[in-house]
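Labels for the chains are A, B, C and D, by order of writing; each one numbers its residues from 1.
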Amino acid sequence: MSQSAPQHIHAEELATVEPGGDWHPKIVAFLCNWCSYAGADLAGVSRLQYGPNVRIIRVPCSARVNPQFIMKALQNGADGVLVSGCHPGDCHYISGNLVARRKFTLTKRFLEFFGIEPERVQFSWVSASEGGRFSELMNRVIADVKRVGPARRLVKNLP
Amino acid sequence: MDRATIRKEDIPKLKGEGKFFAPGRKAGDATAFVELVEEPAEILYEYGNVRVPLKQVFFPQTEVLCEYDFDEITEVPLPTESIVVFGARPCDTRALAQLDAVFSPEYKGHPDPYYLRRRENSVVIALACSLPCGSCFCTVTGGGPADREGADILAHELGAAEPGAAKPGAAGSGDTLLFEALTDKGRALLEAHGELFAEAQAGQIETAQKAAAAAEAKVRELNDLGVDLGAELDALKRNMDPLFEDSRWSGLTDSCIGCGACTYLCPTCYCFDIADESRLYKGRRIRTWDSCQFPLFTRHASGHNPRTNKKERLRQRFMHKFSYAVENNEDVLCVGCGRCITACPVNLDIRDVIRAFAKGIQSEHVSQ
Amino acid sequence: MDSRTEEIRQAARKLFAEDKIDLFIGFEAGTLPLRSRPCFISAREAGEDGAVERLVWDSFCANNLAAYLQKYHENEPNRRKPREKPYPRIGIAAKACDLRSIVALTKERQVQRDSLVVVGIPCRGMIDRRKVEAAAAAGAAADSAGGSAHPGPGGAPVEILAHRESEDGVLEVTLRGGQTLSWPREEVLQACCLECRLPAPEGADVVVSGEARKPGDGGYARIQEFEAKSLEERWEYFRGELARCIRCNACRQACPTCWCKECFAEQTDLKWIGVGTEPSDTMFFQIIRIFHQAGRCVECDACYRACPMGIDLRLYTKKIVKDVEEAFGYLPGFDPEAAPPLTTFSEKDTDSFITDPDKPAGAGGDGAGAGPAGHETHAKGH
Amino acid sequence: MNTSVSERNATAGRAGNPYIPYPVTIAEITVENEARDLKTFKLVFENEEDRSAFAYLPGQFAEVSVLGTGESPFGIASSPTEEDYLLFTVKLTGTVTAELHASEPGRRIGVRGPLGNTFPWDRLEGKDIVIVSGGFAFTTLRSAITYMLAPENRKKYGNIFALYGARSPGELMYKKELAAWKDSQDIQLHLAVDRDPGEPWDGKVGLVPNVLRELAPKAANAIAMVCGPPIMIRFTIPVLQELGFAKEDIILSLENRMKCGIGKCGRCNVGAKYVCVDGPVFSFAELEKLPPEY
């Protein structure tokens, strides 16, 4: 198996990969421009170590993240999805993340209800000054996803 | 050997090298959904009709046309497996004959290789309908419970209950079937499996004919819509076109919610969509069932839509079946199976439409 | 037929006579047993003999009529000039759930409440025709020695030719073959009616007489039971049900609060899902479709009834209703002022689902939502 | 009405399968207008046998196929007399056109066709030709004019009159061809813009129907071919009738949403006629009998 998880892969093939073995999960992170993305930046500038498995997508605000984004990432083969915004009360747009929090509360519970592993889709708050927190968060998410193994549910089967 | 009998338990032995489809129950459905499944062990004999029509076997909901990697196309080989279908109701095989016409190279100049290939490799055994339901109106559209069109073999259950018999328990209790070969393909199947068949007795043939006649009378009794569409194709052709502007359409379509249940479950509706789906540059081109009831069906890229509202879309569905198809195909694109009636979430009933326009269609005929 | 049929007709007649409405939406007798169907009577038709007399009320008026209103009361945010024609005034026979949908649509400006005359009907519950068919099949099998029932169209296990409802709440059906079977209607009511917490319409303009049924308990216990299952079991149920989906959109179209002009499933510039029946596409569609009903769904089960393939996703609609109520204390009801839960927030909203790297517990477990199963997977992982 | 597809036994797609496109390469991309939303794509077949199988006449269209995005039908803007390539002029509208517009020369794409009927070439022989067009619908008429002006064809037709209008001079397409035709004795070309362009302009000013009335081409022994936006068509037809053109002698080209292009998928119908096989070319007399669903 290659360094990164393959983009298109059949469920059976995935099952042969040993969870926690050589496999590197692919994680999509939606980060708000004002806090979490800056936090990720700070983590980089500070040379804090975290797994190289993350594809960061910068969004203007965590409230911009539609549950469809998360579904689309999973359908396209992401093994994990992280959404992170400013801490409640710190939103650049005053209340964006508070509205988002309601949406994410439901999203999180709903996906688990269908049978999507809770480790797959995670939400967090990281501020611009929390480079350390960001790298810890990423390592936590990567470890969680590694534990549950490659995504099978919701992955679209394409040639 | 044109007529022969076979025991029901031997039916699965007709399966050739390829696929075998027969009515069955799909697991996990509390509402007795029935589909033509590939598991020959549990053939269902007692059914009014299967929920998903026979078209699904030859014109699957999703068909891969080709695969591609960036700009390199890989053709998907045409289906080669042989197909035996057992137990399709005559309305469904009649619908198949209509689809044959649409997908043939003679229709508008091009063949549909996927459909045609499956049909070439198939033998379709119809099972005469002894149990017409309240929503069946096959006789109105030119068919009947023992219609032969589209089938290679017509099977009759011997010892099935008379329709409407006081005791329903006897339905389908006979364990012998009478097969009538209708085409060379049908005869070939009978010959290939000669050991399973016994010669039909005159009495058995008579029983089958009687049952068929009784079933037909039953359908006529259940649903006399005041018009015989199959017999009046010329009148239809002349009289449907002016109905395009009829003011009754909007009343007939008020309750439509615009879903595609009627068209997807219609055995004759064949409209489809072609779409690409890929991840990065690798993917496939598929075609899938589509429905004239969806606004997107006709919407131009510019946003202009020739059929903007549900009245126009519903009218299209009926005009296609009762007018355009008659002009293009010399047939009504409806076999009276009643699926659209039972599947409709709001009980919008095609029989109401036929009844509403029956007079207009027939007037000329009557005055002659 | 319900004795209130006549009251509904009178209400409609009066509204037409006083020129208060241009259209009345109610129910008329269906063309199949166990069905009544939506009926539209325009002011022009109302004058004709027998037009208003088409209206009926019985235990089969299950469709949520609010689904039709948006078409007449289109919200046109981009309109520059004021509307030339006023919105049509519509009288509508509404059960409590229809009215709750109307309230939800009003809040979202999809329906002009001022142009509606709601004839509220205290609801006694509607009969579930699939339940009746299943009960009839079982009854017929038990009754006729050794035989089986005459099957119905489209895979129905039994063909019911006619039904009759008595005033004292008994449903009698006649099967092909002449057999009759009967049940107290309470036994064959829709699950959503048995569990309904708000059967009496509040805020209707006209209310017909009669008592609504006793409120149910909401049926959240079923959800808790399902939450307690393993992830694997939950996934298998979902996968199994959706394997039958044919993408006909009946669920979406029947839903009164699925009102988007362009569904995400049909957006082409950004293609969210494919048009075929690939399982991940049908799943994506249903997950998002139901999710979009958060704070809107009134559990009328229109989507379930509409499905021609008998796919049962009622667990998921109830789940979203339960989560919205538990997390935000909101139940879509009759109050037009209550803000929809996803348009607002509270600083006290839960943070329990957040992954906090500073806390050891970690990994995604939102105990509140996942129930024991979340922890179970977690434990399995170690 | 015209040469039907089946008679000419077109295969439409690779290996006899009408759903599989012929591979072609984009050889050249020309920006046609100032708004830059019209580009002409010159496509070259990869295989000689595909090129010869793709035998078409002006008026027909093809499905241009961008793998991964989809297919869209476009009228063929080149003429069969331009043997080495196909031309399609594409307006930036939806997803396929956006992908095409974002392409560079050298990209490999696909083409299925030729599809649909042709302009009524048998009937046009020996007649005077009146061409009226507005906007970017001029594409198949470029094909028709190029075809008729080819030396081997020119003597088959009488006088050729062409009126082509656009919003402004910058929106007129095919500048090179227009310049050549203006100098040609074989065709009387009139160009028009809707409003005074505020720049040097030696053509007409006015909407196409009005300019047509003013130029008043003769209807005797003539057939008119009209392509343009619906609003232009609506006002042009009465003018042609005033000039004495019979309904049968006004030739129009329709477009509707299409997928298969071969009369199977069911969406482009106008009444019982399918635009993809019975059309896109119809006479006004034929269209009058059809419901207005286009």
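Rule of thumb we're sticking to: a residue touches a chain if its C-beta (ideal position, glycine included) is under 8 Å from a C-beta of that chain, and two chains touch if they have at least 3 such contacts.
Note that the structure is predicted; figures quoted are calculated from it, not measured.
By count of C-beta pairs in contact, B-C exceeds the other of the chain pairs B-C and C-D. Subunit C and subunit D have centres, each the mean of its CA atoms, that are 50 Å apart. Remark: subunit B and subunit C have CA centroids separated by 31 Å (rounded to whole angstrom). Chain geometry summary: the mean Cα position of subunit A and that of subunit C are 34 Å apart.
Residues of subunit D found to touch two or more other chains are 94. Within subunit B, residues 273, 275, 277-278, 283, 290 each touch two or more of the remaining chains.
Among all residues of subunit C, those that touch two or more other chains are 274, 278. By the contact rule set out at the top, the touching chain pairs are A-B, A-C, B-C, B-D, C-D. By the touch criterion given at the top, residues 94-95 of subunit D touch subunit C in their complex. Residues 268-269, 271 of subunit C are the ones touching subunit D in the complex.
The touching residues of subunit C, when paired with subunit B in their complex, are 30-33, 35-40, 63, 67-68, 130, 133-134, 137, 140, 144-157, 159, 161, 175-179, 240-241, 243-244, 246-250, 252-254, 266, 274-278, 302, 305-306, 308-310, 312.
Every residue of subunit B that touches subunit D in the complex is listed here, in rising order: 65-66, 68, 70-71, 73, 75, 78, 102-103, 105-113, 241, 244, 270-276, 278, 281, 283, 285, 287, 290, 292, 297-302, 306-307, 312, 316, 319-320, 323-324, 327-328. Chain contact summary for the complex, subunit D toward subunit B: residues 4-6, 10, 12, 14-21, 23, 67-72, 93-94, 97, 107-110, 255-257, 259-260, 262-272, 274, 277-278, 291, 293-294.
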